[in-house]
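A short write-up of the structure that comes next.
Chain IDs A, B and C follow the sequence of writing; residue 1 opens each chain.
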Amino acid sequence: MTGDAPGPGPAPDDGLPPLVDHHCHGVLRGELDDAAFTAHLTEADGPPAAGTTFFDTQTGFAVRRWCPPLLGLPAHCPPDRYLARRRELGPAETRRRLLAATGIGTYLVDTGLPGDLTGPAETAGAGGGTGHEVVRLEALAERVAVGARDAEAFTDALDHAVRDAARTAVAFKTVAAYRHGLALDPRPPAPDAVHTAVRAWLAAGAPRLTDPVLLRHLVWLAVATGRPLQLHTGFGDPDLRLDHADPALLTDLVRATADTGTDLVLLHCYPYHRQAGYLASVFPHVYADIGLTLTHTGPRAAALLAEFLELTPFGKLLFSTDAYGLPELYVVGAALFRTALAAVLGDWTATGAWSAADAGRVGALIAADNARRVYGLGGG
Amino acid sequence: MTGDAPGPGPAPDDGLPPLVDHHCHGVLRGELDDAAFTAHLTEADGPPAAGTTFFDTQTGFAVRRWCPPLLGLPAHCPPDRYLARRRELGPAETRRRLLAATGIGTYLVDTGLPGDLTGPAETAGAGGGTGHEVVRLEALAERVAVGARDAEAFTDALDHAVRDAARTAVAFKTVAAYRHGLALDPRPPAPDAVHTAVRAWLAAGAPRLTDPVLLRHLVWLAVATGRPLQLHTGFGDPDLRLDHADPALLTDLVRATADTGTDLVLLHCYPYHRQAGYLASVFPHVYADIGLTLTHTGPRAAALLAEFLELTPFGKLLFSTDAYGLPELYVVGAALFRTALAAVLGDWTATGAWSAADAGRVGALIAADNARRVYGLGGG
Amino acid sequence: MTGDAPGPGPAPDDGLPPLVDHHCHGVLRGELDDAAFTAHLTEADGPPAAGTTFFDTQTGFAVRRWCPPLLGLPAHCPPDRYLARRRELGPAETRRRLLAATGIGTYLVDTGLPGDLTGPAETAGAGGGTGHEVVRLEALAERVAVGARDAEAFTDALDHAVRDAARTAVAFKTVAAYRHGLALDPRPPAPDAVHTAVRAWLAAGAPRLTDPVLLRHLVWLAVATGRPLQLHTGFGDPDLRLDHADPALLTDLVRATADTGTDLVLLHCYPYHRQAGYLASVFPHVYADIGLTLTHTGPRAAALLAEFLELTPFGKLLFSTDAYGLPELYVVGAALFRTALAAVLGDWTATGAWSAADAGRVGALIAADNARRVYGLGGG
């Protein structure tokens, strides 16, 4: 297992190909104080409740299980000791040791989050892998709006920016789930409606983009490029309304995009992952992602992976870590995926439900091959 | 276990009575080409995504586990080899061998699906069992509409057709979940509203029936007969909007029908099966069905049966396969039910949570006795 | 294990501190006939379906597993024999024997249910523990309305009654989920709106309180006291609309109360316990409760506890039984919690996912320490 060997080591030898982490974020470059470190263990955006700590979560326990041995400490050592060792090594060496042990070969990095974060190449470089960019649509629009002369100029510039991004990025991502919820009108908005919405938004100083007309416009601009579109669904930060992030709410958009040739990748999904699996099972262009869900649920990762595998076709499920800020989250996301996969497929082959050959093939599909095919990464 | 013996054999000897499959569809009579075969492994209605196959699903793997041995091949043999063997035997012999091995004694066949399908007697005959008809309300109404002179004539004819059907059918079924969603006004529609809706529908050439007034009218016509009413809930074909098929949306209709003496059977339910179990636990006339859910989830069938058994009273849960088109789906549905039941109840008796005597009794209830009581099938 | 020893005995010796049952109801004082006994095994409010019995449920089986040995009978003995023995001992001795074996040291009793029920001190006394009161807001308002002169007088009296209750009660509880559903406007209602609603309600004779303005007014009166507020969410009696009791519907109220300093405890939660865990993970003042859910799901309690522990921070999950009427439900609730906790944490330590020291600490948090901190109970 990844975390049992002291110090950094080679990628785990469990028969899986180098992982493709098809959705993650960069690593914070600087030194982190303890509060900043623990804040990245949770999706909460404030301090923990009095008398509690973010280390007392599955994420905290998983970090303490898998990461201390990679820095030369015993698994489950106290948080303070781990944090002290981390400071001793410094952020660059910590990052290098941790990322070297994940066995992730390819990183698809959503570059739309704020902070002094490593980009795709730098993230991948620490682990000896390859990086690609995923462009977050709302962040792109907000950048384009800075200094836009008027609505026409903005609309043109946005159109160009999306098409430009499609030349180098491997995918787009929308966080409409956060900004409005997924119960969007599925149709491309009419040009007039877009212009009216743009004018109003720019007149207000282009604040955080939440207008559903603009969110839909971004989605359809991205769909037109043919690049896969990642959609946040399910749990996340507290500015999200969970029941408005049920991927089943996307059904009409899924139908509306069925003939475009563009793939939709439902990110995270929890606790609506069975709904996501259903959509992936009946719509050819829909895929599901296990990231975030496995990374944050510790020893429950196997049970959740099994729930994903009820309806999701095996060619439709994709590994990711959704790691953000801490290199520890790459370690945990990869280690939990590996152990969950081994547990679930081991159980199914032991009872004869699956053949060992099929299990090996499906493991590779989820770990890497599906992502290679969907994002056109080549190799294998 | 069903699938381990080479060639067709007697029903499994696991202590269960002959199964009552209280919801299934006929078997396709003719030869199937490979694409038609694989299309029946999924609820999707188009081709699989590029680079994927419908065999790479729990349903596909389950067919490869349980069915090849019944046709003289090793379990998990490649799809092509299985399909070749199937062609070699021909559809009649394939059907005979497969259905003979399910241990299903009684088939309640929903006759409302299109295609050259076996009817109740013919379906049951291949396996040496008994067949009964379940009448799909929307299909009945669409048939009655053909050649209806006017709205009055149609309404009268429909009324007679439902009452006629109740004399021979064991149950009715509604697919209002597909046609409108389950958030229906729970009250019987007023006669005036029905006539207005009928006139509009007939004037439009009586297309696929989706008018909520007519769907409610059908439900209440069926309820008035006293025959159990099966309601599609949960997942299914892609023309369904999943979140509109949550059985919790039926709560008001459940309350409105509480004093009618008619039982409601919630079909499939997944991923809202816990909601269905709750309704079955607090409303005497509500029952829940495991079909489709177990048939399509392979080695997850045990976990899902266990989830059904959290709140569903043991006298309220019914086995079915929801098999449609392929005799393989009867094999898989029955085998997964048997293995899931043995695993779940075996576990609960091993820990002392249940007594072995209770486990045996509850197994027989779900397998057959509950359906016999609800549908008035007699025997045991 | 609790139920294996013949006759009443000391609290189980599994390393847990005396349990804090942070949400339960009193025990019926009088003799119960068989129908009244079985009616308390279920959340249904009428007789069981023909051919079924409420004993054929997880609750019924769990009572038969854990309780007969405490009354000198073998586990899983037939219901009739158990009921006969119960009558032989009489209600007081039955209660004494059963409650003595739970290991519950502190009872937080919701006193808002009708019936000849033991109060906090009497409930706790039978088991040698301490009792505290939880005041149900809607019942309090309905009591205050009796004899209220006019709207002004009622509003003043209610205000005083809530503040008075806060001096002695450890918490408030709202059943807005039953009365209206949880999709409430999150803001405190304006005084004018409250007065209008009160006038209309009193003019109608102050029937069962269902006006959403008054329900919100009660919530905000309670929040202003600083006492924790328990909110019914998830399943319950059949007068509840399940999909309107999804705790995710409370998100806006959770946000609106974030800076009040008052904690919100989401009761029961099933089948939306993953949603509850998410809310507890991102909002510091939100807690989740396992009661009712574990008590009614028998050998599934471990699986459900594990699902709660996916996202719920370990300092945010609270044990309860939600026992009502029958002392058996305290036994079952406590025994299922103990066995579930031992199974889940035993599994996670066996695989190395958790350390044994952490597992022991988290077990004590859920069993007692979290409730002691949230309700300010002192001790440990």
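One rule holds in what follows: a contact is a pair of C-beta atoms (placed from the backbone, for glycine too) under 8 Å apart; a residue touches a chain by one contact, two chains touch by 3 or more.
Worth saying up front: this structure is predicted, and the values here are computed from it rather than measured.
*Asks:* Over half shared numbers or under half: where do the identical copies chain B and chain C land at their interface, same or different?
*Replies:* different
*Asks:* Would you kindly give the rotation angle relating chain A to chain C, two copies of one sequence, based on a CA superposition and rounded to a multiple of 5 degrees?
*Replies:* For the C-alpha superposition of chain A onto chain C, the angle is 120 degrees.
*Asks:* CA centre of chain B versus CA centre of chain C: separation in Å?
*Replies:* Those two chain centres are 37 Å apart.
*Asks:* Could you list the positions in chain A whose residues touch two or more of the other chains?
*Replies:* none
*Asks:* Which of the residues in chain B come into contact with chain C in the complex?
*Replies:* 246, 248-249, 251-252, 255, 263, 274-275, 278-279, 281-285, 306-307, 309-311, 313-316, 347-348, 351-355, 357-358, 362, 365, 373
*Asks:* Show me the residue ranges of chain C that touch chain B in the complex, using the header's touch definition.
*Replies:* 42-54, 56-58, 61-62, 65, 75-76, 235, 237-238, 241-243, 270-271, 296-300, 303-304
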